[in-house]
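First chain written, first letter: the chains are A, B, C and D, and each begins at residue 1.
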Amino acid sequence: MKKVEDFRVLGHKWLNYSSYIIELEAPEPLSPVQPGNFAEIEISNSPHVFLRRPFSIFDANPLTNTLSFYVKVIGEGTRVLGKARKGDKVNIIYPLGNAFSIPEKKNILVVAGGSGIAPFILYGKAMQKQGKQVTFLLGARKAEDIVLTEMFRPYGEVLITTEDGLLGEKGMVTQHSIFIGKDSPFEHIVTCGPEPMMKAVAGIARKKKVSCEVSLENTMACGFGACLCCIVETVDGNKCVCTEGPVFNINQLTWQT
Amino acid sequence: MADLSVSIHKLQLKNPVTTASGTYGYGEEFVEFMDVNRLAAIFVKGITLEHREGNPYPRMAETASGMLNSVGLQNRGVDYFIQHIYPRVRNFDTHIIPNVNGSTIEDYVTVTRKLNEVKGIEAIELNISCPNVKAGGMAFGINRKSAMEATRAVRDVYDKTLIVKLSPNVTDIADMARAVVDAGADAISLVNTFLGMAINAETRRPILGTITGGLSGPAIKPIALRMVWDVFKAVKVPVIGMGGIMNAADAIEFILAGSTAIQVGTANFIDPAASVKILQGVKEYMARQGVSSVKELIGGMIVK
Amino acid sequence: MADLSVSIHKLQLKNPVTTASGTYGYGEEFVEFMDVNRLAAIFVKGITLEHREGNPYPRMAETASGMLNSVGLQNRGVDYFIQHIYPRVRNFDTHIIPNVNGSTIEDYVTVTRKLNEVKGIEAIELNISCPNVKAGGMAFGINRKSAMEATRAVRDVYDKTLIVKLSPNVTDIADMARAVVDAGADAISLVNTFLGMAINAETRRPILGTITGGLSGPAIKPIALRMVWDVFKAVKVPVIGMGGIMNAADAIEFILAGSTAIQVGTANFIDPAASVKILQGVKEYMARQGVSSVKELIGGMIVK
Amino acid sequence: MKKVEDFRVLGHKWLNYSSYIIELEAPEPLSPVQPGNFAEIEISNSPHVFLRRPFSIFDANPLTNTLSFYVKVIGEGTRVLGKARKGDKVNIIYPLGNAFSIPEKKNILVVAGGSGIAPFILYGKAMQKQGKQVTFLLGARKAEDIVLTEMFRPYGEVLITTEDGLLGEKGMVTQHSIFIGKDSPFEHIVTCGPEPMMKAVAGIARKKKVSCEVSLENTMACGFGACLCCIVETVDGNKCVCTEGPVFNINQLTWQT
């Protein structure tokens, strides 16, 4: 059941100079949330933000009725949300969008770049429950942008690449040594991050002939299928990223490899 | 209880609050958020003769108190609407009003003919003002002669209430209104979006895939309100006003400026229950001000 | 150091940042807040032949990300300007550019003739787009023929740089631009304000004394930007862009859309030092992006 | 010297359901402030406020470098300013406008309606220094809207009228018994409040042939003379309320009595 509700800010945890986790409490029992779902958050205290902002649901706790979001500051909305104070009301529409599938195969690789890590805590938890084996490959330009590795570890091995080489392997995620060789130890890949990265990951998946799901971003006015602003080209024509995504199997997309 | 009902030519509305084409899907997207049946009407998204994929991505740019869109009439065509969509939504206790589009006058006429046959659909909104399509659309709405031609051609094949939606991208909106009324419009709706543009200074590229798009939201409200007032003074048919209506006070202002009914557009994206909240607020306003019928407010702006 | 200089016909500007007519007084109001001498030019408030008291109160209504004004060219007349005001501000190290208004073509011509004689004034801005006066003003600017007539008449008596300021309240801004260029304009400035209205729902009265007024501020930016781009593509003369410029990114966007210089308007009211901050931001942008001359950016929007 | 500065919120004192005093600290020594001056305050944390809001300077303390404002909540700007938190930055342009004159005569009557009390603490202080004798006549619709009487008392006698009759004399300020009789114990009147009230007070002053100054409000876009939006008709043509006012001698105005 989609809901529009005033959540109460419980607090932020700043992870580095530009990203934080914000935790919010629902006024009533949480609607069930699936890994991959997102929410539309209203920013009501800035003269420069008009529309809601979409964020993946980072974590959901039905016992405490809390949602949390991993947010990277890139503009006014994410900046202002980072300044909300304990007790402030924040209006949220959730849960929105579809969810990652439960793959048939066992060995799953998660590839996350930048703020693309956001959906994968919930995903890791769910896959663990399903008895899957997950490996997280996290990439960033700079080592200081690699955050939350400790939060991922309970759900699988964590591999890292950084372009500055100060943490994990040097280079981009797609250059990580796990991709070397013709065969893949992984039977299913899920990815979220900058579009060029996701395209490259999709290319690898195709080459290695493993199934692959991507979580797309888009410019959204509504988040729930009303505006048709957020389309992506698919083999069946344009689809709404907010209702028919954000998760797409790469076979649905018209991306060239 | 105050009387909220209004009529747009033969179309009877239980209250003045409706939702704007392209901003409210077919109503189905909103059932989880509000009671759709409380609306007087849903202007559903733009319909064309054939299936259209719409414009390339990105289709949206946020602006100060507004947004640009370049959706470009993505829809599955009139036949699909009649066969698959309308049957799903016809049981809502509200009017479903199709928004009719075309690249040529023949297109408009064909779409209208088909809709004229549909039982339950009591009005259409002729969109001669879409800024997001290359052929047709706004091209009809910014030229007096072609606006009249399109209206007249559609009028000839349509028996029920014909609402013509005007483009604000014109020098003289009153003149356009008079023209389409002369050509047979039963009512006027306005405004459609303003042609605008957004650039990303860092990348030096336009933000929209189509470079330009249509501006909506509170940013345009003062201009829209002025145009409603201009049109109200110019024609005798009912006016349906819109443009940046976010709350009940905005709705009342549009009614005072001459709107018989109003459409809630962009507000639906920010608060999916905006339209019913506006309806509630209009009722409260009437109670507070001792207004027994909303009709008393139409064009009721006090000018000295 | 990056090269910030640009030229508008014969007028040499040390940078692209100027202030818009009617929003910056004569510059004197700002000396306590910023170094006026850093501006390339000040477009001073609208000047008419005779002293004008302007419109009745109230003259201002706040709107979403914008404001309506109905000042109506309050000023003490061209003679007073030349004798009393210009001598006070001529020593600013910036161009003082009068904004010329009239109710009739004769008025425009007489005012221009007088300004043509003033040493130090190297350009005028012909305002055929003021929405706040009953006679003249926008009436000239929304009609191709009268816009050309006014421009031509003024051209005939003016030797220096003639900038014509266009009204955005038209169907085809590119066509208006071509028309005034054909009639002798050396440059185009745009946009003036959009005709709008505001109502107080509770009192049911218009907020402005004149009912309608001119909309300015960030609300109009997307439309203004699109019009600048339309005009840039249509004419060969320099374009001076404005409409809701609040910060350096906005200024860069107007330059990328085709502005050779920009005017800062409503922003001056909210931050009296906005214009110099914008200039500073433009410099920083150029440094960051490795742009050695601002001229490289003019019309530099990358369209695929 | 007019300045644009980021002040720091020290706190609010709520006076009743709809009015408060907000105290703010300047980053550097205060510019000298005169009674009658106002400031333009930026409201930077609301999507519904675009322009600054003008407020009379209620009090100024050059020792602590603080300004305070008396604010009545009437819309979004005044509401949001009431929610600013300690430490928040608030951008202020001040001092703006002209000041009340120092009258030649000794006995001064201040007539203030509603939020019209704002300029008169500074005025009372200044007049006391000049050895004048001030009487404050405060009026409101309801008794609960009469606030701050204790703050005025050190500077003169405080008289009250309320329309509900629950405090002071019943009726409007202009019906107060001090105005009964042909002669006036007061030799100079200053007034601020709703326009009809000020007009009525001006009428009384004319009738009693005592000098009178009014502090006008107006819709202001800038507050410092740049926009010409805030005019009032005077015997010498339109004048700007923000630079040539807000204080006007009633002889300058074209008000009919």
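FYI, contacts are C-beta pairs under 8 Å (C-beta built on N, C-alpha and C of every residue); 3 or more make two chains touch, one makes a residue touch a chain.
Because the structure is a prediction, the values reported are computed rather than measured.
Any chain bridging chain A and chain B, meaning touching each of them, is missing here; the list is empty.
Distance from the chain A centre to the chain C centre is 46 Å, each centre being the mean of its Cα atoms. For the pair chain B and chain C, the distance between mean C-alpha positions equals 34 Å.
Annotation: 36 Å between the Cα-based centres of chain C and chain D.
Among all residues of chain C, those that touch two or more other chains are 61, 63-66, 217. Shared interface positions of chain A, defined as residues touching 2 or more other chains, are 47, 49-50. If the chains shown are joined wherever they touch, the resulting network closes on itself as one ring, and no chain has more or fewer than two partners.
Contact between chains, per the stated criterion, is found for A-B, A-D, B-C, C-D. Contacts from chain B toward chain A in the complex involve residues 22-25, 29-30, 32-33, 45, 53-54, 57-67, 69, 71, 74, 217, 266, 268-273.
Those residues of chain A lying in contact with chain D across their complex are 44-47, 49-50, 85.
Contact residues of chain C toward chain B in the complex are 61, 63-66, 68, 142, 169-172, 194-199, 201-206, 211-212, 215, 217-223, 225-226, 229, 244, 249, 252-253, 256-257, 285, 289, 297, 300-303. Within the complex, the chain A residues that touch chain B are 1-4, 42, 48-52, 93, 218-233, 237-238, 243.
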